[in-house]
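First chain written, first letter: the chains are A, B, C and D, and each begins at residue 1.
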């Protein structure tokens, strides 16, 4: 057998900062972001990829950070709610969530924003049903979704008008 | 005093919501206490089994493992408790341990705690704990559990029946006999669980030097938890402090006493180090309370014109192996018995309920408690009666609702209803949904092979309970709440309250009431909640009591603060107090229109410049007011709710088209938040109605305890929900707010059932077993 | 759910019976069997590795031959412990009927899982029973010349 | 839920992967998107000692025309299948099925190779592969071999892929102007695992079906091609009686296995309903 260690060296660009670390191979990206780096805006709800609360951006795509090993993100770019908030990229959607009270307990909210942003950036035609379908991998137990759909739809309409 | 109503009633954004939207919400798992250890629980794989031997040698040998503790080790640290209430008839109840020293009574009961430097190491070690079990006969089937030859969960209780009740409003049998039509139905309501997106958790940090236990605890009820935890651990209440972080959902799930949480406290005391417990999703399904799980045989007798004469129900419900502490598991069947007939004017009623122990996860109060079941039964019976009488389903309700001029009225089950707007709500609902238009459309759709169903229900929602429900039975549950206001030196207001906020908007409501009363900008008010060391004692958040109870306490505190501010201003400005008023953050002379002082001036005066005051005057600018609702068992609100859906008769799949709700929760502080509470409740109710059920096998094994197979509704599975409001303030308080939030979950289950059955009507089929799954619908249609 | 099946085996019933009671035969044909030790005439201890797609767990199993009715029928009871993964309990009833010089082997298998496997594996538990019983009986039958599976 | 400890290595070539598989045998697992593997690791249902990350192997990427077939590299993510123009043009069945695979964040990571290597019985792509007559390119220590989808799916989570082999690409014949297809699946929530599904691919000429591959999934241990039922429908004018007669074959040839949510009877009922519906649709 070749020499195997249970740690890996990773270099991950997280919200624009390059982070180098030696970590246990088993550490998932959610734990890396939260407990190693200390960015707690990414929440963990099920660790089986269903609830969507841990959704982050990896190389520009929404992915489940509980189903991605930090080692798999080596050499890649990760963005979390903190980075997207600070860059102002999602401020319009955040304002719409605010206006519509599209967050109650807030646990699903960062991931919901990340998924919805991906849809808004997708250049596809956006209907309420399309929003519902696109967000159907993100569990919200509080709001009943209606206000979230309203918020996303508002931004989509604003985008259309801007075009 | 005139209330300006500048802020109350406005749909303003919640002051704290942007922090969540930016990802700044700080939840339990986000908290790191230096030196913190992590606990992982080994849980019983059997529903009923005796622990013969525990071998933790291999687990202890793992580097990073600090201690491994079992139920026997725990005995000297944590006393067992016996849940019970003395005001609701005899309860047979057995003591429950934080971890059982001998016998595990449900699959998932924590039996061994593994404490390690990291969660992963704790899990590594937990896998290596070997337990030699002797399987005992599991008690799972409700009916069999009541029979004489059944195995017993608690042999010392001599029966598996935990509690039963009979309510008899008299002469039911003769009233049924005299009815033109009697409809009989059996309703089943599947077991469910709450599925807060954030799992339960706590960090227990015991300071041996000070003998002081600090808990970061994801709980809805910090003061109640503190009392119980202190008592079970043998500590004084004042040496326990609970700090609630933000809660990622509560729904009633985070207010019970959980063995794993008490164990976590004991572990910290044992080790003198902070210990963190965060349930993972699989253990959430096995350890968070479950709810529902009822089978109800019910009858309604009506005259040909649809007038309800009598109703009976016989309810058999399961509660797991223990009554949940401290509220007990009896409230759910109790509320089914009390609330089923509330919406309607009938004279003869009988309800029987039997609550049975079983080797399944304990049940407890979850959103709406028994009321969704009560509404399902009542509304199912009314629709069945309408069908039997050939009367339109809205019309039969109109004929049976309490008359507009009947209030106050005592319902047949004994509940006092002081002023509901049921008729107005129903009328508003039917015009909002264009009920007639929908019926016409349904006809034309049917010709095209599309099976549309329409369901309409009227809901009476119990909110804001009085102490008569729990405290009168001896439970350490505060029905009271409090608000403390402090005028700061910069003229802003700090507020603390016993209320907690899981996203319902408690912070917004309290802020709005203060802002309104003091005519102050919302930005000048900061509300803190959830810390037992700094907030006044209060009941916390449950049973739709926040606005009705804590809101009233807040109004009282704000009014007292207002008086105090005016008094101080009067003193300093030497103007009579009755010509002063608070206007837009300043104290204004109403006669001259001049500003006498700013709020900051008052703050500076009372905190720094007390030399301005006479010797014998010491201004009170920390003001606490309490309120408990004592007039009624609950303050009843009402709602009318309608559903339109399409049913695929080949697959049994239901597609929700639209839901409408007209809600009356009394005084509305923030209509947007009421709407969002309704919508959230409705979607959880859609979960109950169509998707969610804890499936067990006959051995008490939970078969779908994971988020892949326990189906909670997602955005793609629900529809738009249009809400409207009617405002009939309660006379129970000055604020006039009733509770809100559960009308949605209470009403929508029955509305969906009725809509499905409405669609099934041409096939002479119906379903009464919730959740109304495609399999059940296809069975009803005779297709499988 | 019970899984049923039968095989027509070109062998005398006693011969089939003997093989069904032969520890070496059982070791070869129990799916994933890594070791099998006979404790007494009717009791065995086995280490079985269950590899069902993403699941790969080792089970220590107590096997008991029950309701022995030589040479016609028995029930094979398997109680397996897979540590934290959970437990499995299987019952396989086997009946042998003579058809001239052939033997008709009829089997019926039931499997229950407990603990974590029950909590997360129920979507595919019946599929697993089908797979395991097919594996066992098909490979058992294959040692006879030209066995025929009967539906 | 944290996985047991394991080692992690990034493969730099297919040969490297084969070498590691040879060396570590059962204790090694390939990880691509990880969307099925990581949950089982998190739940400690499997605990390999070594994960071999193949995501850097660019040779396993890409969707390209290869004569009269479309070749899809194993590392192609579901999201790429969804947005790729060649798929939309040449494999309309996959284009319609792919929308039903889980949710966007899963599709952004999950790969076709991972999906077909695991071969979950409720998964859409294995059924599509079977219906379309896909060929799977598999590389092992003895070199490359091609396996037809019809020979690939063996049993529950069991394929022809051996422990020391890796699936590198899948190729599909292109749809023609005569191609007809249909997709149905029974899910209670969007994006869930199906409890019964049907993918159908066929050729129609002069109003008659000249070939037909109805493949049912989530009903048994593997996707099942209902060839006897299909045979009844070939080269005839479709009418209700013929269809009902053909559907009777499903009673005999579908080895339906029920589960706790959906009984055997209900799965069979749905299977028939979906086939009836799709046939009706293409017969319009």
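Simple rule for what comes next: contacts are C-beta pairs under 8 Å (C-beta built on N, C-alpha and C of every residue); 3 or more make two chains touch, one makes a residue touch a chain.
The model shown is predicted, which means the values in this text are computed figures rather than measured ones.
Where touching is counted per the definition, the chains common to subunit A and subunit B are D. Chains A-B form the pair joined by the most contacting C-beta pairs.
Centre-to-centre spacing of subunit C and subunit D amounts to 30 Å, using the average Cα coordinate of each chain.
The distance from the centre of subunit B to the centre of subunit D, with each centre set as the mean of the Cα atoms, comes to 44 Å. In this assembly, the C-alpha centroid of subunit A lies 28 Å from the C-alpha centroid of subunit D. Subunit B and subunit C have Cα centroids lying 49 Å from one another. Shown for subunit A are the residues in touch with two or more other chains, namely 24, 26, 47-48, 133, 136-138.
In subunit B, 120, 127, 280-282, 695, 703-704, 706, 708-709, 714, 716-717 are the positions where the chain touches two or more neighbouring chains simultaneously. For subunit C, residues touching at least two other chains, in rising order: 84, 116, 120, 122-123. For subunit B in complex with subunit D, the residues that touch the partner chain are 119-120, 123-124, 127, 280-282, 650-651, 653, 690-691, 695, 703-704, 708-709, 711, 713-714, 716-717, 773-775, 778, 783-784. Those residues of subunit B lying in contact with subunit C across their complex are 45-46, 107, 126-128, 282, 285-286, 695, 697, 699, 701-706, 708-709.
Within the complex formed with subunit B, the residues of subunit D that make contact are 1-5, 43-44, 186, 188-193, 260-263, 265-266, 269-270, 273, 277.
Interface of subunit C with subunit B (complex): residues 83-84, 86-87, 112-116, 118-120, 122-123. Considering their complex, residues 1-10, 20, 23-24, 31, 34-35, 38-39, 41-43, 49-51, 53, 55, 79, 102-106, 108-109, 189-191 of subunit D touch subunit A.
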